[in-house]
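Heads up, the next two complexes both have chain A, just with different partners, chain B and then chain C.
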Partner chain A sequence: MTNAWRAAGITYIQYSNIAARVLREALRTELRADAAKRNESHVKFTPWANGRPAPRQNQSES
Partner chain B sequence: MMMQRSTVLLPLAIEATLQAQQQRGMATLKAISIRLKSVKNIQKITQSMKMVSAAKYARAERDLKAARPYGVGAQQFFEKTEIQADEKAEPKKLLIAMTSDRGLCGAVHTGVARQIRAELAIDDVNTRVFCVGDKSRSILSRLYGKNILMVANEIGRLPPTFLDASKIAHEVLQTGYDYTEGKIVYNRFKSVVSYQCSSLPIFSGPTVEKSEKLAVYDSLDSDVVKSYLEFSLASLIFYTMKEGACSEQSSRMTAMDNASKNAGEMIDKLTLTFNRTRQAVITRELIEIISGAAALT
Partner chain C sequence: MSIVKNARLLATRGARLAQNQSRRNYSDEMKLTFAAANKTFYDAAVVRQIDVPSFSGAFGILAKHVPTLAVLKPGVVQVVENDGKLTKYFVSSGSVTVNEDSSVQVLAEEAHNVADIDVNEARQLLSKYQSQLSSAGDDKAKAEAAIAVEVAEALVKAAE
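Right after this comes the complex of A and B.
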């Protein structure tokens, strides 16, 4: 048995993050501002190959 | 004629050297005061950095307490199933270096990098490194640049969130590098003054499924295991990021405290030399005036 989200090609992490985002957006206004802070991420990735930063082949959006 | 010339010349020469000396004396006085000012500024900066990191540390410790169950829970699974890496197959190792972008925090980053270097010294053909934070990249890229798989930066400015961790976990899974076993190398926070560089094992799906003890868990199919491993990787990364952030802040606090203390010592010494030089200049000027006056009478 495969789940619908797995069939759509996303991992469990992405699946649960989407669920978490929806839950945060559904919160009451006074709680939402606080929860919104947990919903941001600024991490950037650079793939490396042969000791040099390499351009990314396929940009994946998470 | 000759006598006369020399008597005329001599005071001129003395005057010239005296002037040079005086200028030199003044110059060092000025140089010392410039130095003193810059050291004072540095002390101000390190003191405020200490304050900032103390505030950040308090928050990081609070966050860490909340994040610990994630890590403990995820580790339990690996302990219960007693997963061992398949020794027959060629091992492909993945090391995740948990550091941050920011420096000036003692030896937190070098500790992590040292442990990774030790692992790479054993086997640098089948081992790849995923650098989290610019610091581990800059330390490792010189010797083991070829082993770096990917670098994640923009870490350490804000406290790590679960979304950060899940992005990293996603990238780890998406790199296309099929590791059989791996390690997350991070700094485990022990107390305000101490942290320990340690590592957590991670395994890939096929390795987990080969484990005999997996039967202790009921109704597992490969899909559940796959989903769980994805989640556990994200939780472990989240947990180690929190541990790392907390150690980093506490270490920065200590480092900045020491820096302020050292700057204070330097200021004391410089003030002393400054005052001494000032006194010397005054004394010399007095001597010049008095001896000048004495020569006239």
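Right after this comes the complex of A and C.
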């Protein structure tokens, strides 16, 4: 499986992300806005110290 | 009391496992699970045939298909239900698994009924990404645009 994108250092996960995004962009107008929400994913980190979530200022630092 | 009950449960499960192992033949029915992050299309539903696009080529799956693993390519998945009804879906990417018991899992990152694709939008995207490809500077940007062009081409082809 020698693809040009693989040679350029793109993984299948990244390939998949691009493919999914383009598919969402090509949907009928009424579906597109809702689908676009899946273009981004968010991860929230909460650092823990001594069995408790650390205070907020620590959270923003990390 | 509960120990006795658990032991009995374990015993039945063991017997069932043994039965499955001795049976180990291919099933006449094909159970399809087809899901994407946006929707579940089939959940262990019995279907007649499935055609999938993969990096190792497009292929059709009927019951008793040899166990297979493949990586999905952007394109059209066709599902023929038991009553002969054909439905086309566009998948972005993902994986397809064909198991020994004739169960099939098609897992996609994004999948939609082909009817939900806006063909004009797809054409516009194709020309947008084509110009992005020609103006791309480095190899990575070029490769990313090429992927988008490939998907847009498949979308136009599917929606026309």
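Just so we're on the same page, the second predicted complex is superposed on the first by the 42 of 62 C-alpha atoms of A that agree within 3 Å, B and C clash if a C-alpha of one lies under 4 Å from a C-alpha of the other, contacts with A are read in each partner's own complex, and residues count from 1 in each chain.
Throughout what follows, a residue touches a chain if its C-beta (ideal position, glycine included) is under 8 Å from a C-beta of that chain, and two chains touch if they have at least 3 such contacts.
Just so it is clear, the model here is predicted, and its values are computed rather than measured.
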Contacts of A:12 with chain B and chain C, given as first, second, both or neither: both
Which of chain B and chain C A:42 touches, first, second, both or neither: first
Which of chain B and chain C A:31 touches, first, second, both or neither: second
Which superposed partner A:22 touches (first chain B, second chain C, both, neither): second
Which of chain B and chain C A:50 touches, first, second, both or neither: first
Chain A residues contacted in one complex by chain B, in the other by chain C: 1, 12, 14, 16-17, 20, 38
Residue ranges of chain A in contact with chain B within the complex: 1-3, 6, 11-14, 16-17, 20, 37-48, 50-53, 60, 62
Chain C residues within the chain A interface of the complex: 37-38, 55, 71, 74, 90, 92-94, 109-110, 112, 116-118, 121-122, 125, 129, 139-140, 142-144, 146-148, 151-152, 155, 159
Touching residues on chain B, where the partner in the complex is chain A: 141, 145-146, 148-155, 157-158, 161-164, 166-171, 173-175, 221, 223, 226-228, 230-231, 233-234
Of chain A, residues touching chain C in the complex: 1, 4-5, 7-10, 12, 14-20, 22-29, 31, 35, 38
